[in-house]
Amino acid sequence: MIADIPYSDLNIGDTAEFSKTISETDVYNFAGICGDFNPLHVDREFAEKSPFKKRIAHGMLSAGLISTVLGTTLPGKNTIYLEQNLKFRAPVYIGDTITARVEVIELITEKNIACLKTEALNQSGDIVIEGQATIMKKT
Amino acid sequence: MIADIPYSDLNIGDTAEFSKTISETDVYNFAGICGDFNPLHVDREFAEKSPFKKRIAHGMLSAGLISTVLGTTLPGKNTIYLEQNLKFRAPVYIGDTITARVEVIELITEKNIACLKTEALNQSGDIVIEGQATIMKKT
Amino acid sequence: MIADIPYSDLNIGDTAEFSKTISETDVYNFAGICGDFNPLHVDREFAEKSPFKKRIAHGMLSAGLISTVLGTTLPGKNTIYLEQNLKFRAPVYIGDTITARVEVIELITEKNIACLKTEALNQSGDIVIEGQATIMKKT
Amino acid sequence: MIADIPYSDLNIGDTAEFSKTISETDVYNFAGICGDFNPLHVDREFAEKSPFKKRIAHGMLSAGLISTVLGTTLPGKNTIYLEQNLKFRAPVYIGDTITARVEVIELITEKNIACLKTEALNQSGDIVIEGQATIMKKT
């Protein structure tokens, strides 16, 4: 279930993804862990009067799905997460299905480092997050 | 509890922070939301044989605390999260107390945009995450 | 609330049941405990294109309700669970109300063992799981 | 992350596994989903006076890890769970690390059915559950 791809097997262009429908439970549990009770996430009355019109998920929740792909699939176990840049492009609503996708775009082989394009898309194909990750894989 | 600081009240050097001890429950529930069951997070036997020696929290969990400060305190409600860059500097272990801290470092007033230095530190004062956030506050 | 029926009080034909509507929260939290993020359970887009047409609950979640009846009602405390056979007969959808029912069908008195018919039904009376449990009750 | 192994690629002897340390949170959340508040699981005072001496995890929680391997790894997506037999051999304590392992032992190719030996072991290598699963994989 948890991959463990050796650094030497990584190639430019390798991709992996993970999809999940973001439930109200996810948003509430995330708020409960991180303490972010911004009313846009947990106050329906407030959210309905906001420009978003509905409660939205925390940006870091969708970012967490990107991290999941790196830590479980590409490259999986023993990945050391060095950097992650995130640009939040569009809101994620409760009930949206988010696909996190990563793609190897650069290999700094003398340091066992890989750079990956990272993005999250909703069920309509809209990019909700884009950015880049840097990871090290020692073996 | 949830602040709503008008953009015009933001000043270079303003700071805010939020602290929380990261429990095993936090790490397990975070795994349960994001699907990241990397054994470094949820398999004690594996973690003890790893270079980390103990189970570590997901990097995005600590990053979520940074997001919490932005969305609840500085500047709080109606913050639009545009960008977040994260450099993961040190592991966070179950039981560590993490303080997320943000500081306004630049104001692009014609666009109602603020840039903030963001960091997370453990109970020993070690920086575990550093980076920068960009947010917009319309009012 | 938690029964403790002595072995000597058990009779062939004794029955007990427990009912619960399976919520999205249940399915998401169950995935979060067990790590089963199969898209049939947590990806609405995928599930809608599948033969099931909707997200379904994990089979072991409904099986857990059977275990609940044994451990809390018939015979309750101090039940030692020896065996459980499960045949999954029909899908359980988010929102279905499941009734787990057990019935004593055999008593091996020299070993304080009881065999029970176990089944789970949905709100339409369709059997979703059938099978048999073997338990020991020392006192 | 979620495999999707075609039925025609399954071979006798194929194995897969998944490991997780069972936390108090897991046991409590499982009780909260299934309603099994048997004091052996959630009452420390009671458990300490019982033959087990400590709170134990629900048997179906460990069984759920077996289901996870089938539904996410071998064979993964689009697995139809037909049967699962479980023999509970030893208690699982809070804090134990459980490895669920499955192995293909029979293929009924005219029906796209596979039988798998299924077991769960603790960190000492003791078998806590053994049994057999039957699944169908249409494609």
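A, B, C and D label the chains in the order they appear, each numbered from 1.
FYI, a contact is a pair of C-beta atoms (placed from the backbone, for glycine too) under 8 Å apart; a residue touches a chain by one contact, two chains touch by 3 or more.
Computed from a prediction, not measured in an experiment: that's the story for all the values here.
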item	value
Partner chains shared by chain B and chain D (touch criterion as defined above)	A, C
Identity of the chain that, by mean CA position, is farthest from chain B	C
Angle, in degrees to the nearest 5, of the Cα rotation that carries chain A onto chain C	115
Copy pair chain C, chain D: interface residue numbering same or different (half cut)	same
Centre-of-Cα separation between chain C and chain A, whole angstrom	35
Averaged-CA centre spacing for the pair chain D and chain C, given as whole angstrom	15
Inter-chain centre distance, chain B versus chain C - centres from mean C-alpha coordinates, in Å	41
Gap in Å, rounded to a whole number, between the CA centres of chain D and chain A	28
Two or more partner chains touched - positions in chain C	28-29, 32-33, 35, 37, 39
Topology of the chain contact graph, where touching chains are joined (line, ring, star, complete, other)	complete
Chain B partner contacts - residues on chain C that touch it in the complex	28-29, 31-33, 35, 37
Touching residues (chain side chain C, partner chain A) in the complex	24-25, 28-29, 35, 37, 39, 42-46, 55
Touch list for chain D against partner chain A, complex	1-3, 16, 18, 68-69, 72-73
Interfacial residue positions of chain D with respect to chain C in the complex	1-2, 18, 20, 26, 29-30, 32-41, 50, 58-61, 63-65, 67-68, 71-72, 76-79, 81-88
Contacting residues of chain D [partner chain B, same complex]	1, 18-21, 23-26, 95, 97, 123
